[in-house]
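Quick heads-up: structures coming right below.
Look for chain A in each of the two complexes below; its partner is chain B in the first and chain C in the second.
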Partner chain A sequence: MVEIEVVDKTDNTIRLFIRGVDVSFVNTLRRLILTEIPSMAVDDVVILENSSVLNDEILVHRLGLTPLTTDLDSYNLPEECPCQSEFGCNLCRVALALNVEAVEGTRTVYSGDLVSENPDVKPVSDRICIVKLVQDQKVKLEAYARLGKGKVHAKWQPVSMCAYKFFPQIKIDGKLCDACEDCVKVCPKAVFVKVGDKIEVRNVTDCTLCEDCMDACAKDPSAVELTWDKNAFIFDIESTGALPVERLVRESLNILDKKLKSFLKNLKKVK
Partner chain B sequence: MEVNVIIIPVRCFTCGSLIGDKWEDFAMRIKQGEDAGNVLDSLGMKRYCCRRMLLSHVEIIDEILKFYEETKKRETP
Partner chain C sequence: MEIKILKKTSNELKIEIEGEGHTFCNVLQKALLEDDAIEMAGYDIKHPLTSNPTVYVRTKGKRKPKAALIDAAKKMQKQNNEFKKSFERALKGWQRK
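Up next is the complex of A and B:
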């Protein structure tokens, strides 16, 4: 029985405990989140004017890397869109216009200066520096954002971190341990605490499974026993802001479902 | 770090998290004498890959723009 527990959640990050599955399943989730969930990013740019000190390619690269909030339900992937047009249609493309001239002295062009045709698809933050202009310099362009997948380009990756680790299990043998505090000192994550004349384990989830505590222990066999549960995981996701984190988890499962169904369908053909 | 990074990169080179919107805040607070580590902590930057992006950055575009500003000044009397 799979058990998923949300332990920590902020706007852009989530920490899950996943129990009752094996590594291949959790790794599948991780890889799906990294490479298969579509998100919006600027893909094509028409530059009408650029007299800034950055050349067109750098400017466009910076626009491409700017994370955009994604409306997954209203847009199609270009390759799946019925329009089948290279340029795109209203269902597979969003236009963002940038038209800034430094009129009064030097100014910075921010992501907030981009005007999107759809208010649901806009830069995650308004304060990303795009370029700086001195008086009379001008940037005028139209950028086209499309859905895309992380396996094609990292700008379409909806996460800036997605990782898991085994659930640590630390046991201290009370008979062997003489509370010398060697493990307390060596642990980089402060997992151990000395309470009275005993060593106690405090922040098990912080443990990175480095096993330094076992090596540091002078006792033979080591009084600290560090193992991990092979069927329980601590799963961390950090979204770029393109999609809400819960949506990422749900979407990855949808994609897995779709992939398995098509696999089954093709398997039947073989038979 | 690359020599041709003349303006703060939009994202961390290593993990891809957004840093382009944090530079101005960071630079201003450093100038006011705050401790860089504390500023990075308060900006919510946990990983050392992202922290070094701000910590080691030199905004060269500011130096380049000075030449253009100076030229402009000389053009218009």
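Up next is the complex of A and C:
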């Protein structure tokens, strides 16, 4: 029985408590989110003019790593697009233009200066610095964003962070513990609190399972017992803004579903 | 996802899965090992960039390895659906908060 609880959620981050699945399943979800969910990123750039101090290659690399909002339903992956063209078509490519000149004094080029042909595919933030120009320097280019997968290049990862940990379980043996506060001092996440003449566990979910509390305890055996539940996880996802987080989880499950269907179909075919 | 059979006996099956990696094979292995009729299940990726994974299944004899593979995949589908439903329920629970 799979039990999931959303503990915290914003537009770009989510924290889930997951119970009743094993590590391999959660790890597969993590790997799918990191490497298999398509997102938009600048892939080809035509530079018309670049008199900034940055080389073309570095400028283009910075553009590639700028996260773009992704419209997954209207665009095809280039390799799956019916056009099969090296240059792409309207269904697999979005053009973004950048034309900035420092006319008076210095000028910083921000991601917000990129003008997209599709308002649904634009930089996630307008305040990402791309290059700084001094007077009379100019950058003029056309960038082509395409869908891609994180396994090909990290610029296509839709997440900036996607990780899980086992659910920590901390027990303090009241008979052994003399409230010396060694574990309180050593814990990097402030999991322990001294209340009266007792040590209590707060913020269990902050625990990183480092076991320093067990080592710090002078008692033998240690009065603090730290274990973890092998079938319960704390799963954190942080989207770059390319796609909403709940969409990421749904997509990863759909991709696994597709893989399984294709596996079953092909397996039944072979003899 | 093309599948090639590399070795086949009455209780053994070795297949090559094109274009997959740890992402798919690890859950598949885990699902296979939960089956009591299976003696051994594992996968191997010779080189992460140039080769496809090979999955090896050996049953205790009474069961066809191919049937075990199909059952494992079906079990994964079931778990996946359950996870999906659970996640949607959890999201609704959060919106209500």
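Keep this in mind: the second predicted complex is superposed on the first by the 270 of 271 C-alpha atoms of A that agree within 3 Å, B and C clash if a C-alpha of one lies under 4 Å from a C-alpha of the other, contacts with A are read in each partner's own complex, and residues count from 1 in each chain.
In the analysis below, contacts are C-beta pairs under 8 Å (C-beta built on N, C-alpha and C of every residue); 3 or more make two chains touch, one makes a residue touch a chain.
Here the structure is a predicted model, which means the values were calculated and not measured.
In the superposition on chain A, A:116 makes contact with neither chain B nor chain C. After overlaying the two complexes on the shared chain, residue contacts for A:134 are found with chain B alone; chain C is out of touch.
In the superposition on chain A, A:2 contacts chain C only, with no contact to chain B. Ranking chain B and chain C by residues of chain A touched puts C first.
In the superposition on chain A, contact is made by A:240 with chain B only, not with chain C. When the two complexes are overlaid on their common chain A, residue A:124 makes contact with chain B while staying clear of chain C. Of the two partner chains, chain C is the only one that A:262 touches; chain B does not reach it. Using the contact criterion defined above for the overlaid structures, shared-chain residue A:70 touches neither chain B nor chain C, since it reaches no partner.
Touching chain B in their complex are the following residues of chain A: 53-54, 62, 65-67, 106, 108, 111, 124-129, 131-132, 134-137, 154, 157, 160-161, 238, 240-241.
Taken together, the chain C residues at the contact with chain A in this complex read 1-5, 15, 17, 20, 22-24, 26-30, 66, 69-70, 73-74, 76-77, 79-84, 86-87, 89-91, 93-94. Chain B contributes residues 6-12, 15-18, 20-21, 23-24, 47, 61-62, 64-65, 68-69, 72 to its touches with chain A in the complex.
Across the complex, chain C is touched by residues 1-6, 9, 16, 21-22, 24-25, 27-28, 31-32, 35-36, 246, 249-250, 253, 256-257, 259-264, 266-271 of chain A.
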